[in-house]
Amino acid sequence: MPWSRFDSNYRAPAGERDLAFVDAIREATDQAMCLDPRVFAMGLDADDKFGVFGSMRDMTHPERILGTPISENANTGVALGAALTGMRPILINLRNDFLLVAMDQIVNYVAKWQSMFDGQCAVPLVMRSVIGRGWGCGAQHSQSLQGLFAQIPGLKVVMPATPYDAKGLLLSAIKDDSPVMMFEHRWLYKNTGPVPEEMYTIPLGQGQRLHEGSSLTVVATSLAAIHTLTACEQRGLDVDLIDPRTIKPLDMDLILDSVSKTGRLLVVDYDFPFGGVAAEITSRVCEQAFDRLREPPQRIGFPEANMPASGPLERAYYPTPDTIGERIERWIGVEVCA
Amino acid sequence: MPWSRFDSNYRAPAGERDLAFVDAIREATDQAMCLDPRVFAMGLDADDKFGVFGSMRDMTHPERILGTPISENANTGVALGAALTGMRPILINLRNDFLLVAMDQIVNYVAKWQSMFDGQCAVPLVMRSVIGRGWGCGAQHSQSLQGLFAQIPGLKVVMPATPYDAKGLLLSAIKDDSPVMMFEHRWLYKNTGPVPEEMYTIPLGQGQRLHEGSSLTVVATSLAAIHTLTACEQRGLDVDLIDPRTIKPLDMDLILDSVSKTGRLLVVDYDFPFGGVAAEITSRVCEQAFDRLREPPQRIGFPEANMPASGPLERAYYPTPDTIGERIERWIGVEVCA
Amino acid sequence: MSTAELDTINPADALRMLRTMRVARQMSQRIAKLYPTDVMETPVHLCIGQEAVSAGLCCHLTDADQMLLGHRTHAPALAKGLPLRKLMAELYGRTTGCSHARGGSMHVFDPEHGLPGSSAIVGGSIAVGVGAALSSKLSGSDFISVSYFGDAATNAGVFHESMNFAALKQLPVLFLCENNGLSNVMPVAEHAAYEIAGVASQFMPVFRADGTDALSVYREAGKAVRQVRETRAPVFLECTTKRWMKHQGHERDDLEINPIDPVTDCPIARLERFMIGASLITPREILALAKEIEAEIDDAIEFAERSPYPQPEFVEA
Amino acid sequence: MSTAELDTINPADALRMLRTMRVARQMSQRIAKLYPTDVMETPVHLCIGQEAVSAGLCCHLTDADQMLLGHRTHAPALAKGLPLRKLMAELYGRTTGCSHARGGSMHVFDPEHGLPGSSAIVGGSIAVGVGAALSSKLSGSDFISVSYFGDAATNAGVFHESMNFAALKQLPVLFLCENNGLSNVMPVAEHAAYEIAGVASQFMPVFRADGTDALSVYREAGKAVRQVRETRAPVFLECTTKRWMKHQGHERDDLEINPIDPVTDCPIARLERFMIGASLITPREILALAKEIEAEIDDAIEFAERSPYPQPEFVEA
């Protein structure tokens, strides 16, 4: 799959040092492993020459990177056992679709272990996984499953959209004493942006405003946030764009604050349309800021269908900066923002 | 676990013939197996003397009931393979928590098979599973996971609340040429109500009004529907109670129709609170009937926590007819309905 | 069992095993008696008849060694060191329970004694035990880990995956299969088309013991544990035993396929006969031991009864 | 291979195998050539070097027999009967493809030829194949089923579970492991701590073949399939082979651990040498065969190219 041909049109504002999203992940992992000998990484192909699309290559401590067999369920249980007995594992899945093989361990074990024992133990387990898309991979290799895992008490879920956030959220996840899942969209890997060299963390549950506007609040996650940002910039949309960064816990204050200002809500989450993150955000805003909403909320996600393989169908299936931009323009019209 | 001690206070209106919920399931299964030699049942303990809490005992065709090992994932794949090659399996899981072990097969295989091959094949596969609750079973044996599966395109999800619906929905599921999951709440098993002896089906996607009122629309599923009905009857609440019966596809017409009348929405779904069925219904109503809503919508579900074991914690964890009734009374006051 | 066995067991360990088994047995019998009164609102899977397996094994383990259990927790947890009071209070749903009333019978916890938790979803805890062994390896520690599971847990794919993982990475873990021949009411021949030890032998060295005979377990577990410690690699131990009670609850089992002879099948009676024969204990001392244990159980129950229930406002832990 | 092999193969089957292998090989080579032009927007897992396994096996299967594939679909699907046009059109993303452009390279479908589908999640289709065998048993049919998978699929727990299920219920299924020694870039010794055939032998009879030698596969698959038909019970067949290309895409493999000798490792060259030696074919006839197949491939490509793309409005199937 010539992923390299999907380049993004996102360029973050210039900073001290620009780094690609994938390198930000690599740097965070490497720094954490250097800092703390309890941190180790494991996963299928984690130790091979491709190094999880480059995010695990040339690490300082290869002796703490374990390749695994195709046994995602056991791998997860093993990581849990290691986390319970003093280590701080980073478990990596090349595709978030493979998490489904490990669902018993993730939902019945990892998510529940602390609460079953009343928080008497730490479960410092990070589960990285990559969202794929396109090139005819088909229904089993193109899902975005954040919505499934966000449902489960005991799991924190982060979805970085920028290289800066990728590093800061991953370090927060590694530092956390409870299980954290990080979903990384493959299409973000080559995006670059300013990333400080030193270690830093971003509080889990703190969103950010990516674009300022007053006509419409758009809450968008991961690649959808970048696509919406592109739409805003290319079309000059008067949009207040909120990237929650952490799906769970969710920064409702920031979202409600924005909706209070704009009176309108659109949630863009690349996931199946039933339930999930977009439904949760929509419901909470309606429950908690009903009087501020001037119009019905809207959602953009995938159609109610599994991913098809053929190019034309794929292109119709996935939202893009253009389809998002057009939808917003139809709604609020084109106004150049202040 | 002395389940027998949890008896329900639901009594359906008297009919020709009263049957318990569990016997309605049994009768539907038996009739389907007698009618069609392609129908067979399989699952852990499906063939033992307890017969899945009685729902599989004394069947006419024991030779088509297969007990299985503790291999829920393979069991599901086996059922899929049988469905693809001419049979019509009913796959049973004693606890819906065990579905998580089979998540790869359910989500990556069963749900996607028809769409990956453009509907060129039928997948007449029914997946029954039982929701447990109480008696200190703890976090791993008490989940209600309809919200997870409802997210996945390619799966229909039904949740009968009454014996009549249990039989009619199960027969519809068996008749359907696509995968259908049926979630049965264990606490409903002993409830009785009128059930015709002959075979009949209930269209998937057709909800029903369980109680008529004009101040508040309550959409409630499965046991939550029965609990809400109890609350309405005991307290004389002016509630329009909609039981969607099928979670997916969802009878939005009926729900919107009711909300148009009442202007208020409460969704009661016994599941984790983030992003499940309740969030979807709330979002759709806000999107599609925003102008009809006079007040912010509300949801009742589980707290954001895994199920604790101890009695007092369990009792605090689960909604009941009383907590639902009180919440409704606080909202709309006590009015005797017409 | 002959007195020749004396060569293979040190008398202190024999006594320790007897005590461990009696604690588990007498505790279980008391639970069975109390259970119908509903003071314990949690599904109990009793270990009566199976006590020798964990008792024999735990003679060879230290507190630092980790043990991951499934749903049938009581005997192995007590053998590993979980205090009676903490177990009883957990069954009673009190805050003083080992899991602070959140876990119930199937979820026990005592990291001081190498119990990082247990799981009621059959199979998965095998992998968690392998993870503890990975910790030992990565952190350069000495402890070993035990994945403790029943015969039917070997049906689950995670069993195969866990053995492969442990063997590939050469992790110090003992796979302990307590084979009571049953998965609920299903006999092992109906749930496993394979010999458990045969499959395991494709991945690692295998030992087998008679799980109704504490001395057999003691001997084989001793070898198995020593081999894990020395080779820092996985080893398998299968102990065949018998389940006297129904899968769950307080009643005696009544499956035709599961006949029990209370004399020959009882690991406690067998060990006592041996110890008396070998002059390691007298019938009178046994009586005293039983009484002493009864008093401990009384104390545990009293402790549980006077412990507080959790407050409902803490439902969200 | 000597002419003594002649006793074991009927000449028509030899020719059939050669044709089947050449179709797969020439098709794959053409895909490799076209792939860099992006006319096929789908990840391809080519079977070059591995053609003998499915070619030898499928000589013994009928259209009624079911075969469940994983991600590496082309050669086995063609061997089982999937028309070239339908495969090519699927790779080209056209509505005339076997899966109407929804599946792509990893998802092929042709129930007329016993292909009820394939899956890109490694391991799970093993269980689906067992399910087809269950159908055969429950419906009193004659057909058998084949679960067709790679060496690394045996890592997955569902492999263990599926073997147990098939053996417990005595289902007519052949477990066909196409062992190319690799899981992507990981050698089998790093992903499997066990002998695949050793583990399988704990559940069912096992046969082994040299998967670079069509005659060896033909012979052993013949025995294995016959045994499944006769005993109506599961049988295992492991064929060791070599992957010439990278795991995915159009490039030759360059792993140091995976050296290829194009003469001895090539199943097609080997079979041709044998057939020429046994006077079953002449070099000239081989050339003609190759040309004929090239023409079929041309036709398939042309068919695909002039077939329509699906309409975007049908994204929700």
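Every chain is named by a letter (A, B, C and D) in the order it is written, and numbering of its residues begins at 1.
Here is the rule we go by: contacts are C-beta pairs under 8 Å (C-beta built on N, C-alpha and C of every residue); 3 or more make two chains touch, one makes a residue touch a chain.
Predicted, not measured: the structure shown is a model, and the values here were computed from it.
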Give the fewest steps needed to get from subunit C to subunit D, where each step moves from one chain to a chain it touches. 1
Neighbouring chains common to subunit A and subunit D, by label: B, C
If you average the Cα atoms per chain, which one ends up farthest from subunit A? C
So what's the Cα centroid distance for subunit B and subunit C, whole Å? 37
Centroid distance [mean C-alpha coordinates] between subunit C and subunit A, Å: 42
Between subunit A and subunit B, tell me the centre distance in angstrom, where each centre is the average of that chain's C-alpha atoms. 31
Find every residue in subunit A that makes contact with two or more other chains and list them. 69, 71, 73-74, 97, 100-101, 104, 108, 115-116, 138-140, 304-305, 308
Subunit C: which residues touch two or more other chains? 99, 101-103, 107, 119, 121, 155-158, 161, 164, 168, 190-192, 317
Taking touching chains as linked, do they make an open path (line), a single closed cycle (ring), a hub with spokes (star), an all-linked set (complete), or other? complete
Touching subunit D in the complex, subunit C uses residues 155-161, 163-164, 167-168, 190-195, 198-199, 202-203
Where on subunit B is subunit C touching in the complex? 1-2, 45, 48-50, 67, 69-71, 73-74, 97-98, 100-101, 135-141, 303-306, 308-317
Once bound in the complex, which stretches of subunit B touch subunit A? 97, 100-101, 103-104, 107-108, 111-112, 115-116, 138-140, 147-148, 150-154, 248, 271-272, 274-280, 282-283, 286-288, 290-291, 293, 295-299, 304-306, 308
Would you pull the subunit C residues touching subunit B in the complex into a rising list? 38, 40-43, 93-94, 97, 99, 101-107, 119-123, 152-153, 155-157, 183-186, 190-192, 248-249, 309-317
Which residues of subunit C touch subunit A once you look at their complex with the stated criterion? 66, 68, 99-103, 107, 109, 111, 116-117, 119, 121, 124-136, 138-139, 145, 157-158, 161-162, 164-165, 168-169, 317
